[in-house]
Amino acid sequence: MIKKEMVALILAGGQGSRLKGLTKNLAKPAVPFGGKYRIIDFPLSNCSNSGIDTVGILTQYQPLALNAHIGIGKPWDLDRTRGGVKILPPYMSEEGGRWFKGTSNAIFENIHFVDTYDPDYVLILSGDHIYKMDYMKMLKYHKEKKSEVTLGVIEVPWEDTYRFGILNTTDDLKIYEFDEKPKNAKNNLASMGIYIFNWKKLKEYLIKDQENPDTNYDFGKDILPKMLNDGNDMYAYEFDGYWRDVGTLESLWEGNMEMLSKDAPLNIHDRTWKIYSRNANLPPQIITNNANVKSSMINEGCYIDGEVNKSVIFPNVKVGKNAKIIQSVIMPNVVVEDNAVIYKSIIGTNSIIKDGSVVGDKELKEITLISNEDNGLFE
Amino acid sequence: MIKKEMVALILAGGQGSRLKGLTKNLAKPAVPFGGKYRIIDFPLSNCSNSGIDTVGILTQYQPLALNAHIGIGKPWDLDRTRGGVKILPPYMSEEGGRWFKGTSNAIFENIHFVDTYDPDYVLILSGDHIYKMDYMKMLKYHKEKKSEVTLGVIEVPWEDTYRFGILNTTDDLKIYEFDEKPKNAKNNLASMGIYIFNWKKLKEYLIKDQENPDTNYDFGKDILPKMLNDGNDMYAYEFDGYWRDVGTLESLWEGNMEMLSKDAPLNIHDRTWKIYSRNANLPPQIITNNANVKSSMINEGCYIDGEVNKSVIFPNVKVGKNAKIIQSVIMPNVVVEDNAVIYKSIIGTNSIIKDGSVVGDKELKEITLISNEDNGLFE
Amino acid sequence: MKNCLGIINLSEEEMQIQELTKVRPIAGLPFAGRYRVIDFMLSNMVNGGIHNIGIFTQNKFRSLIDHIGSGKAWDLDRKISGVKVFNPAFNYNKIVQTHGDIEHFYQSLDYIKYASEDYVFLSRSYMICNMDLKKIFKDHLESNNDISIVYKNVKNEEKFYGLDTLNIGMNKLLISIGKNTGKKEKIDLSMEMYIMRKDILVKIIEESVESGHSNYLKQALFQELVNYKVGTCRYEGYLACINSNKNFYDANMDMLDMDIYRQLFNNERPVFTKVKDEPSTIYRENSDVKNSLVANGCDIEGEVKNSIIFRDVHIDEGTKVTNSIIMQRTKIEKNCSLNNVILDKYVVITKENILAGDKKIPYIVGKNLTI
Amino acid sequence: MKNCLGIINLSEEEMQIQELTKVRPIAGLPFAGRYRVIDFMLSNMVNGGIHNIGIFTQNKFRSLIDHIGSGKAWDLDRKISGVKVFNPAFNYNKIVQTHGDIEHFYQSLDYIKYASEDYVFLSRSYMICNMDLKKIFKDHLESNNDISIVYKNVKNEEKFYGLDTLNIGMNKLLISIGKNTGKKEKIDLSMEMYIMRKDILVKIIEESVESGHSNYLKQALFQELVNYKVGTCRYEGYLACINSNKNFYDANMDMLDMDIYRQLFNNERPVFTKVKDEPSTIYRENSDVKNSLVANGCDIEGEVKNSIIFRDVHIDEGTKVTNSIIMQRTKIEKNCSLNNVILDKYVVITKENILAGDKKIPYIVGKNLTI
């Protein structure tokens, strides 16, 4: 097997319970986003565009749709003879079944996979953030700083610091303290959940951590603080683009809405940094004579016979006559029958909104979720 | 999703502990066989050659090498837009982790997968037999007999009946009794572990079986006897080609040796029923001036500078000067150093046999296994 | 129809559709927002169970080869069989050039001969339809005829003038093939699709090359029909013939009729094409889109009525597009007005331009132009 | 070398290798048991990090297109870039045929111009070697020359007669290019590989077409070299030039020398080719194989010495094959004797045949023949 300078690992095993019904039969990274994508398309496309051709995806929770989506990585050009994308599920060994007990344990269980490529660096990503980032620039920074661990950070408004993991740094961005969800933050640089490690060093800590009886098997709680305490050089890498955690219904809704503005912070049309996904084979969208579409995104296979305003409509959605969709996210294959009205809602894949029904908060305050058993199943 | 007449499910989750060290880091269906294949290549190629384009592979034990081998099924022409081959691992759901508790439970947990294709029939295969068979002929028979379940059977010598699951049948091959490893067999038709079920009927029994507190979650022990007791029409389908279980070291060794004879019962060169596998990219084999090769199979990437007699040599094996290999199976990437001698052995992938060492039983009676931690890892 | 080889013959007349076919054969013409003309025949074959397809091109084959690629989009990237494009072999040493396509088929006769299939379904690509080939094949087998020709009974209209018509006699047997002069009110239009045993096609090609009496495969077929029992299979459903600018324009506009649209696009027999990585189309605040087919990746700020908009088209503020076909990656700047216009790919219409054609003679802007 | 476009120009002289190149270009010649000649240059490029490769063919391109396919075997089936085969466009309306390849490059100039890479590595395919292109590219960049030509310093032998030699001056700069007349004992053989900025190549092609002074790209390059600062990069390692039957035979036989074999085949820079589904080769009880290279899928019952055996060859009992090259899917029946023979693909040698050539003029049996 040929050596790779850097291997990426995407943590995609989380249940994402704050997304409620959407993740009942679906891993969080497989949740639809942005009119045609799934969340994991963003880190995967970033890897591909950054020139990283070896990616392991650690799965555990409801991986069927995710596995089918990723396949051998063709849509992201990651179907490589050497390297490429590999799905790493938990498995049974001679010693019995081994579920991943936490983020650090998941990587510990796959040390062998990483070692096959003998990398100098490992990039650890999570599968639930929306952003476009060149990881190779971060690696260059990591090397320049002679860092042991580099954490991607983003400036957040001071008033939001209490919601994030804040990194306290010296002037040259060397990290001296982690401050998890601080009440009185000393800094406003939040961790993005993007890490570059020197692989040898990380491996050493992973093995040590397994032997620690008090470990939570968690990167943030165990590995990183331990490494900092031991005096390893850790730096923050500032990212100044768009970055959003879409782990809650509110943030998922907001992330979708942000794509609709004229000066959308995430330029999805940029041909130099495309976001790839599995493309369905569906006919073009039909906008009928009765339709009235404004400030919305619509995808292939849709049939729009009603009103759509400030909404994101995924592929293969039918919107009936006199139906109204306001400030909503409509996931694939949904049927909105005639005269139905939807306000500020997220409608899960394969749902049917019956003729004349009214869904959501007319005042446009609360977000309503309509989900169903079949959320996970679409092509 | 489009309807499929028949979907195949391959049970590939077994540990295969009778293969000892070979399956320490490797699922049994991924064990190398026949000079370049893995065991699962046989049922997969049979599916492909039979025109079955939708195959689910149920994995559980050490699936990494198996997953990498199967990928999206390109080597077997099973990378289909609709259907194709899908790997079905156990996974975590809202209710927690779900290992497959047995063969029938494994299929129960994947009812949803099968239902996506709305098939009339389901073909259940195991991933540990070597044979070439047209499953479509069996389906034709199943339909003609108006059978609910059809079991593939093969005539075994009467003296071996005690080792097999024997089916007692009426003259028209209708099954009236299962006789597991009988001391005094009434018949010599052994079950091959190949079943065609009417899907609706099977599903009904799978669901019932889950609710039975005394179930072993096993096809042979629970589902089939229950169906027979309930008076369902079950028929045996006689197969008269070569069929071999390679689940023990002895049978694995014998199966390999059987390929070497001039009138080998399994014609691997038959172009009308090719056995497909992932093909490595290796240069041709080199037979040097010192080499002496007789009655043996050798694959690409090998360098043979010694004696090879009645042996099966997998890809990328080096055989040093004055080394001798007699009646042995040498798996990929093995290095046999100068002057080493190997008698009647199975040498696991990536092993090194040191200069001058002698391995195996000089009397050619016992089979010796040399295995190592890296058995699972080769391309 | 696993036992049937598919052949698509692209040797087509392009006289009446020159501007758009400068850079591509008719088979490669963009259609209905995201397809190319050949996608329909390819999908018909794949949905009919044909897994071995040969496409015989004439010139201008490069864009078509790019489109077909490995055949993945049609699930035709198979180990055995799949899709194969035959370009006419180009022999430097042989300056004498025979006209017609029969020579081309003769050069590749081994492909036809040695394919494992026993039957062959021969067609052109310029007839757009969604046809159940399994049924057609079944009809042919049950008829016990040597050859079957597929036809559609249509009300005669100008768009069918000059095409082949079938004279059908007793038991659906063919009497003769004629040209549609426009005199009859209803005609049985030949869809130029033929089913036969493969050895019959091989024999027809060989005999024709030997005798030299035909330069075109179609000529050769017509000449030989007398020697065989030739039947007919009737097709019901939408049919468009892409052989003139007007027919191309009208067929695209037909897609806005939901009844026709649903005849071409359904779940049972989907139309496959090469997929592209395009984001969703965005409709801006002041956009106004009605009765239109819109593909992915567009950014629409202006007004669009009764039009077909292909992928990645940008229509700026204040611009009105009506009754038009706007192909891929086109940009129409501010305050333009377009009516009865066809814009080919990569066209830029600079601001405040007014372009208007007539429904019968749409105004066409060729590929890559900026006006 | 991600920033470098690769171009393989197959416009090659086949005068001295006619029998084997009847059905394929030199680039498509089978080599070393399972490869084709072009695999080596393709693999050099891929191992050097070049991901965008254009292959410019002349005639007989069909088998080559089959071999390359989607480029999967070389990991070149990429979304952006990958491998593209350019056949000379065939214009029915233009009977006047210009000779040479420069016209072909000019037709596809957009491909070169609009590729995202800034540099281009231009080569032929008939030179077989395993070259570290990353190092060559680094040397070129550090030299600050406009163009670099790759050469190898070789002891002069008959096999190099007639090829280009470089006259190299101070600082490795090129003085001139000459022909090897065989007079010197050691020569700096041009490997006909050129690295330059892409715009230089485009300029050379455009100027050459404009002035009409060259029909071949190589001519054009030579003509223009005076206008640029041209350096040289030295290659050390095995080199074979497949431009005559004898050189083809000798180069295959070279593979039996383990030192040479290991120079061409190593783990660091593997040679990729299209893989085939073949079982292991079986050596029967009475077989006797020595000093030979054997590919998969063979069934050997007889004697094989000092030979190269391709895939799926059957050598029957009592047959002796020595000093020979036996290509794919050949069958040699019982009690034959072959010495210094080349059998092309699908040949059958019926029983008790004796074929013997000379090492200098091996006996060649063309494709598909039964004798």
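When the chains are written out, they are named A, B, C and D in that same order, and each has its own residue count from 1.
As a convention for this text, contacts are C-beta pairs under 8 Å (C-beta built on N, C-alpha and C of every residue); 3 or more make two chains touch, one makes a residue touch a chain.
These numbers were taken from a predicted model, which means no experiment stands behind them.
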*A-D or A-C: which has the larger count of contacting C-beta pairs?*
A-C
_On a CA-centroid basis, which chain has its centre farthest from chain A's?_
D
*Please compute the C-alpha centroid of chain A, do the same for chain B, then give the distance between them in whole Å.*
38
*What is the distance in Å between the mean C-alpha positions of chain A and chain D?*
47
_I need the residues of chain A touching at least two other chains; which ones are they?_
81, 276
*For chain C, residues contacting two or more additional chains*: 77, 272, 277
*Mind pulling up the chain B residues that touch chain C in the complex?*
51, 77, 79-82, 276
*Flag every residue of chain A that touches chain C in the complex, lowest number first.*
34-36, 75, 260, 262, 268-269, 274-277, 279-281, 283-289, 291, 293-300, 308, 312-313
_For the complex, give me every residue of chain D touching chain A._
2, 75, 77-80, 272
*State the interface residues of chain B toward chain A in the complex, per the touch definition above.*
1, 13, 15, 24-25, 59-64, 67-68, 71-72, 86-94, 97, 99, 113, 116, 281, 377, 379
*Which residues of chain D touch chain B in their complex?*
32-34, 73, 258, 261, 265, 270-273, 275-277, 279-287, 289-297, 299, 304, 309
